[in-house]
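Here come two complexes built around subunit A, the first alongside subunit B, the second alongside subunit C.
Presenting the complex of A and B:
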């Protein structure tokens, strides 16, 4: 039986037995190569679930949709390792109770789909640990190498050119499971911390604020990068920040649901006199 | 015999138009995005694109533009008004859906208050549209009763020649005719014929969908929740849409000096309808998605007798979760069978 069929069968059992109220997975998209998030609530609909190498969107962001988990019922969700990491962070930041989730774990290796064993986040610890050891895909990108070999001035003008394209649609934020703030800093206007306008300053402010807020939290799922309608290589920024945080604090985001958030922890004996 | 513009003469045209005082703008690939931008030479244009990722509306309605600057002093207030920089422009190589989109928005920007920013740019632009001989899975002009060779909003329509050597010229408006006077001796008579147009299949029955939307009973239909459940509430569909026109006016600076700007805004944002009290009449994403559809296919046509959609397909093409106008209207036309 293919993994897709196994997972359909499991989804059917869980829904039929009332063990979960919903399965969040992937379905067919508009074109042959596209997959879209789907929400299954009836055992008769499980045939709509698709699982193949085109299922790349990180679905964990839907788990913090307003009201979804507040009735304490359980929800099943298809997650790649990045998705499991995201759930760990959401749990560590008190955004959800991971015991309410049933995970359908999978990974895409080359063009092959691989099932990951486990139901609860804890069971994926080894998979995540091995991710920490192996450099994620972005690290090998030519563009990243090119940017890193630039002088600071060149790098600045490279990003200036990229951010000039930004239209402040906030698709990057909306697609990001870590950007769950009910009121994002750019949406607060008393005071107005960040310029609303999408001019060069406003675009810089926005992209830098987001990079900071994602430092030590980004799981490199690529949702933001794929969502950006003007093709800004956002993955590179987040990857660079993740490297910094790993190098400086030995912090790999999302290893467990009790991991201390690097941006929100403070030690009395910190050598720094100021909190950034 | 018909009028033909040969593509190897395009550079002469650009030169001639620039000499006549026009800036020349067209589809280009720059910085890893396809968009409309000013060019110096014809070679910079990318006329092989099906459609640019960014829409033509940015040339008339930019994402952020200054309106006025203010300084408040002890006993005086100084203000300085801004209008767009003036100058005649030729937009060469627009697509029919983009050109139509601008004509669709004209009544909106001229309805109660005549938006100077919009109309100055509209009056200073000549849109030279190239009919489509190729399309993709998301193109849906025909579903909106338009076509790959619609002339709506265009001043000139060019039809690609079968032999790929240029375009057949159709003059639509006086403004187009005037702009082509500058290149009158470059345009030639020839018997070359036009290539077949792109075949864009109809994706839904517009009239049926609109009738369903007009039925007040369907306003609270469960359909809205189901169709929009995966919508993440970004603004990329509205910002890339040639006909979406909502904006917000913001003062940037402080009490004593600053700039008033006109910025794009979007009905997909929760903040769009948020009251100061914290109450939000469109508190769910489904209510926001319903607004986008209702506005385009019910309220806007109710007021201006035209749908606020030209069928460019951008909303569906780039949606991060594979949603879009097309799917929604398809599902609605099924519901109303």
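Presenting the complex of A and C:
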């Protein structure tokens, strides 16, 4: 039986028995290569579930939809390892109770779908630990190498060019599981720290503030990158910040549901290289 | 409509010489919302303050900006003046045009432009200031003194004698610190132990002093008037209550060849030991690393010897929680290890010793019972060379600063040597003789004139061993010729440096330190015994190299600061505290973790039926210190700081 069929069967059992009230998974998209999130509440609908190498969206963000988990009933969700990390962070930041989740873990290796064992976040600790060791996220792709070889001035003008395309649609924010604030700082207008206009200053402010807000939290799922309608390589900024906190504070985001946020916690042996 | 008064201070020439105050006053007078803009030579003076008050009353000002020195200097002064004129003191702000402008610029035009920017920015801020009311917090009237050397003992006694409770914590098994190790003291040559030990006993027996020896500070939380301190009582393996201090266990202990820390490796001690015979408390400790029982599982001779059943090998470290109102840090110093001077042979030749080791040789309670004898063969040295500034004033190998006490103790050593070895010869290599202090210069002259110490102005380049002598090669810069002396002993006047864990400990209590690890005072001249953390005071050599009179004076000064704090039932605290916007708070609790004062707690927002709608952060204003860490952390911008609100800061930035 394929993993897709196994998971459909399990989803059906869970829904039929009332163990979960909803399964958040992937369904067919508008084209053959695209998958879209679907929210199944009846056992009759499980045939709509699809699991293949095109299932790349991190679905964890839907878990913090207002009211979804407030009735304390359980919800099942399809997650790749990055998704599990995202759930750990959301749990660590008190946004959800991970005990309410039933995880359908999977990973895509090449074109193969691999099932990940376990239904609770704790059971994925080994998988996440091995990700930390192998320095995950963006593979050393050409663009990254190119940017890293630039001088600071060149890099600045590169990003200036990229950010010039930003239309402030906030799709990156909507797609990001970490952007759960009820009022985003950019919507705070008393005072208006982040300029909402799509000029170069405003665009810089927005994208850099977002990068800072994600440092030590981004799991590099790529949701922002794929959501961006003007193709700004946002994953690279976040990857850079993730590298920075890993190197400086040995912090790999989302290793456990009790992990302390790196920028709010303080250890005596923290590196102080940034203090002049 | 804002009516802001701008008061531009010349600070004599400090600001006036580099900033065109007349132009500045005119420019500020034009700025929207400014009702009065005037200049004066010294606004902090009595007539200056009076003119500010008058301007407030005459013009019904709604805010005041004093463009002057740093707010650290006179913010309190001008806020008080505003309050006296009926204006809420928190409607007064300082524009720092001295430290941040006139002192650091040379071009008058540009400095004036910058002063305009700084002042305008504060005018924009003050327009958005709110009236704030001070917060009252209770004061716990119990002081913690950390360190049981002379400074700590003096501070503890002074506070206790004024009737306040003191907890005195010492990490060694006995009180005493470095002073207990000294032989005689300059400039009077009275015996250190004779003046020190009675103080130690007085501190230990004082009804207001709780003495915790062999104890270390584990953590310090809280704030002025309300510290929570956790102390680790290291296990002595000897019951303090049962032990009578008879010393039988020490006599019988078979591990006798352990190098004595108190005697600076010149003497030996046992594994169960008191550092010295006059220890307070006179209760031994077991040195676990060297105890035969702890190493091999067999021995326990001390336990068998003890008639009081006081030895307990099962003893564990214990923790004590203390509620404290004020802290005196008197953690002292250490002497620098001189092995970095390979050319002096310290650590290589046994007869090259440091000043503290010489003290132990000269001390009646020392390993030689006060006889000056060479460590190598126990013979009396006939010729001793002293090398001053062995580490001090040497940026290349040692420390840049002057250790302050070495000139004096070297003169003292020369005298003690002359008094004990009558035919002995003394040569002292020195850079300068620094003998500033009451009776100090007379003292060093006595060493030269009465006790025939020969001072050679110059440095030593090399010490080596030849035919049983230590050959010292140096230069006499006054005569302009090289000198070579065959000595029997060489004494290095080693630098005083900060404790090895000084920086680490500063982080534990939350105070600042300088590049050398000495603790920073709040103001070098005007607040020399206060740290930059309110309620934490500094005494003795933990702040900078000091001799005994200075340490004692500073300790008494800290006591007066502590007592002033304890003279009030409640403390008025600045109302600069964080507030949270519960409507926008996302409840991520990052602020709870980020807060160094544990001032943020979780609060449930309930609906009418009592069901939790959401959980948000809530700031306890009694605990909040207004540091702003939570504000910078908050991603949704829900936290704000009274007195430094986002609106104020934004206006300030936009005003630039």
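Rule of thumb we're sticking to: the second predicted complex is superposed on the first by the 263 of 276 C-alpha atoms of A that agree within 3 Å, B and C clash if a C-alpha of one lies under 4 Å from a C-alpha of the other, contacts with A are read in each partner's own complex, and residues count from 1 in each chain.
Keep in mind that, in the parts below, a contact is a pair of C-beta atoms (placed from the backbone, for glycine too) under 8 Å apart; a residue touches a chain by one contact, two chains touch by 3 or more.
Source: prediction; values computed, not measured.
Student: Using the superposition on subunit A, tell me whether subunit B and subunit C clash or fit.
Tutor: They fit side by side.
Student: For A:151, select first, second, both or neither according to whether it touches subunit B, subunit C, the two together, or no partner.
Tutor: In the superposition, A:151 touches no partner, neither subunit B nor subunit C.
Student: Kindly classify A:271 by the partners it touches after superposition: subunit B alone (first), subunit C alone (second), both, or neither?
Tutor: neither
Student: According to the stated criteria, A:260 is in contact with first (subunit B), second (subunit C), both, or neither; which is it?
Tutor: second
Student: When the two structures are laid over each other on chain A, which of subunit B and subunit C touches more residues of subunit A?
Tutor: Looking at subunit B versus subunit C, the one contacting more residues of subunit A is B.
Student: Please indicate which partner A:174 is in contact with in the superposed arrangement: first for subunit B, second for subunit C, both, or neither.
Tutor: First partner only, subunit B.
Student: Go through the superposed model and pick first if A:35 touches only subunit B, second if only subunit C, both, or neither.
Tutor: In the superposed model, A:35 contacts subunit B only, not subunit C.
Student: Write the angle, vertex at the C-alpha centre of subunit A, between the C-alpha centres of subunit B and subunit C, to the nearest 10 degrees.
Tutor: In the superposed arrangement it comes to 120 degrees.
Student: After overlaying the two complexes, what is the shortest C-alpha distance between subunit B and subunit C, in Å?
Tutor: 5
Student: So which positions on subunit A get touched by both subunit B and subunit C?
Tutor: none
Student: Could you list, by residue number, the parts of subunit A that touch subunit B in their complex?
Tutor: Going by the criterion above, the answer is residues 29-31, 34-39, 57, 61-62, 161-162, 164-165, 167-171, 173-175, 187, 192, 195-199, 202, 223, 226-227, 229-231.
Student: Could you pull out which subunit C residues touch subunit A in their complex?
Tutor: Listed in rising order, the residues of subunit C that touch subunit A are 504, 507, 583-584, 586-591, 593-594, 596, 615, 633, 635-638, 646-647, 650-651.
Student: Of all residues in subunit A, which touch subunit C in the complex?
Tutor: Touch list, subunit A to subunit C: 93-95, 180-185, 188, 190-191, 193, 213, 260-261, 263-266, 268.
Student: In the complex formed with subunit A, which residues of subunit B make contact?
Tutor: Those residues of subunit B that touch subunit A are 31-33, 53-54, 63-64, 137-138, 229-230, 232-236, 238-240, 248, 250, 252, 261, 263-264, 266, 269, 271, 316, 318, 320-324, 326-327.
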